[in-house]
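Each structure below is given as structure tokens.
Below are two complexes that have subunit A in common, paired first with subunit B and then with subunit C.
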Partner chain A sequence: MKELSLNILDIAENSVKAGASLTEIRIEEDETHLTLVIKDDGCGMSEEVVKSVTDPFYTTRTTRNVGMGIPLLKMEAEITGGSFSITSKSQDEYPNDHGTTVTAVFDKTHIDFTPLGDVSASILTLIQGHPDTDFLFIHKLADRTVTLDTREIREVLEGVPIGSYEIIKWIEGFLDEQYTNQEE
Partner chain B sequence: MTVSELIEKAGFKAATLPEPDKEITGVYIGDLLSWVMGRANSGDVWITIMSNMNILAVASLADTACILVAEDVELSQDLLTTAKQKNINVLLTELGAYEAAVKISKLI
Partner chain C sequence: MKSLAELKAIKEKMKDKVILREGANDVRVVVGMATCGIAAGARPVLNTLVEEVNAGGLSDKVTVSQTGCIGICQFEPVVEVFEAGKEKVTYVKMTPEKAKRVVEEHLKGGKVIGEYTLGGQNL
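So, the complex of A and B:
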């Protein structure tokens, strides 16, 4: 995709569809690499399904549950000489510890590296679209760490819907402040 | 014009041609697969230099007439086997995307 933030949106949507109550989105950047981890506590997948989700034809069936997001993310990571992995524990086999983790590592110095883009916008879209599930977003940069935990915000809100315009606007400012704040 | 007629008239190579009679109505050029997915039209000759398995899924989703791989990019046997299974025409040319499109434009 044109920006990694769109991939993040797509993969996290899969997590929500899998019934996740918490979806964690972690981005860690250093000088040369970007590591993206999306982890959920949704229903997970059997080993057989995990193997097939990187197959673009599995995902393009009309009855599909996932989009082309996984094969495209894998390709984008591998094009830079990075790596991709997906692990999952299905609810049937692991009733107390289930979910899926997608990990992609990119070499940022590769000329075909897809820029991260507006990741804040993706996070806001997710929260607004799925106000009843929680998201933990952690973006580690060289000089700062940007964090957003909807569970903490929810606690403060005391019943005010998190997807409402005012709250989304507030979260937008909260993220923006963390990204632009000079004192750290 | 059909894909097999195009091959004959334009001198492209057929890497695999499971649906030779598919009708060609246009051309789309692009390498960013997520972009192509939403923009290539049914019946297009899709010109690209990408050669991984995902291009077959994109061609299938967009229902393009064929994929035309430009600049003689090498294709894996795996890709060709899958293309055949999924009924996706894959053509090859040594031309660049622009030259190939110009050639097609004169024919259709």
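So, the complex of A and C:
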């Protein structure tokens, strides 16, 4: 992938497909490292499946027998000398506390680090494509924290679709302002 | 700073429009957004479609949505156009520029762009 933000979009799509009602996307950056955590409350996976998802020849898809999303992210993290982990609790075993968490740590100073890119575009794409599920996005930078919680927005909207063009545009501006505003 | 009060104002303006819109859309444009599509550049294609459909005043008629892997990964980004009573059109190897043309000539003008379709490729 050309941008890490595209991996984020890709992995979060898995969460939505797993039936998540809330998908949390957290990015924490300091001068040398970037930590990405994608956590959902979807159906989860059994221990056996979790072990196999980092294998590129494992997929739930029926159109083809290869699943590249997770292996790609793992490779991109590890190539920088960072780390990758995935933990999951399946709905069958943990009916009240299920879901999957993917964590990837990157060394930003490594020459093979994939730049984060346009993470706002990925968040907007997720909301536009999956207006019936919620996303919590928190991006901690050295001098600011950018936050978006679709549950808060949904509350204001009172039934107006969150995926409509006008609302997506507002969210885009809301994120953009948080990234560009000079803090006092 | 953008506030939730501003969002509320947008919502109030949209309320009536939304009721009108429901069920009116008879053209569905679907973009493949699995790993293959995303890696090939589907995100800017999707965003261009959303922008252009709205800018062209087509949002009452056309819905832009996302789907998973369509099964022809080597042709990603793939965009499918579904229209009631017509055969599905599959556009392949899409770019934001091609997406603009699809909105203008196909969605607005009603003319399929043969050279961008799967059938139009030299296989």
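What we mean here is this: the second predicted complex is superposed on the first by the 175 of 184 C-alpha atoms of A that agree within 3 Å, B and C clash if a C-alpha of one lies under 4 Å from a C-alpha of the other, contacts with A are read in each partner's own complex, and residues count from 1 in each chain.
Following the convention adopted for this analysis, a residue touches a chain if its C-beta (ideal position, glycine included) is under 8 Å from a C-beta of that chain, and two chains touch if they have at least 3 such contacts.
For clarity, every value in this text was computed on a predicted model and none was experimentally measured.
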item	value
Three-chain arrangement built on subunit A, subunit B and subunit C clash or fit	fit
Touched partner set for A:141, first subunit B, second subunit C, both or neither	neither
Three-chain overlay, vertex subunit A: subunit B-subunit C angle, C-alpha, nearest 10 degrees	80
First, second, both or neither for A:174, with subunit B first and subunit C second	second
Touching partner for A:1 - first (subunit B), second (subunit C), both, neither	both
Touching partner for A:75 - first (subunit B), second (subunit C), both, neither	first
Of subunit B and subunit C, the chain that contacts the larger number of subunit A residues	C
Touching partner for A:43 - first (subunit B), second (subunit C), both, neither	neither
Partner chain in contact with A:22 - subunit B first, subunit C second, else both or neither	neither
Touched partner set for A:57, first subunit B, second subunit C, both or neither	first
Distance in angstrom between the closest Cα atoms of subunit C and subunit B, superposition on A	5
Doubly contacted subunit A residues - partners subunit C and subunit B	1, 6, 68, 72
Subunit B contact footprint on subunit A (complex, rising order)	1-2, 6, 55-57, 59-60, 68, 71-72, 75
Residues on subunit A engaged by subunit C in the complex (per definition of touch)	1, 6, 9-10, 13, 17, 61, 63-64, 67-69, 72, 121-122, 124-125, 128-130, 152-153, 156-158, 160-161, 164-168, 170, 173-174, 177, 181
Touching residues (chain side subunit C, partner subunit A) in the complex	1-2, 4, 6-8, 10-11, 13-15, 18, 33-36, 38-39, 43-44, 46-47, 50, 54, 59, 64-66, 68-71, 73
For the subunit B and subunit A complex, residues of the former touching the latter	32-35, 37, 52-54, 56-58, 60-61, 82, 86
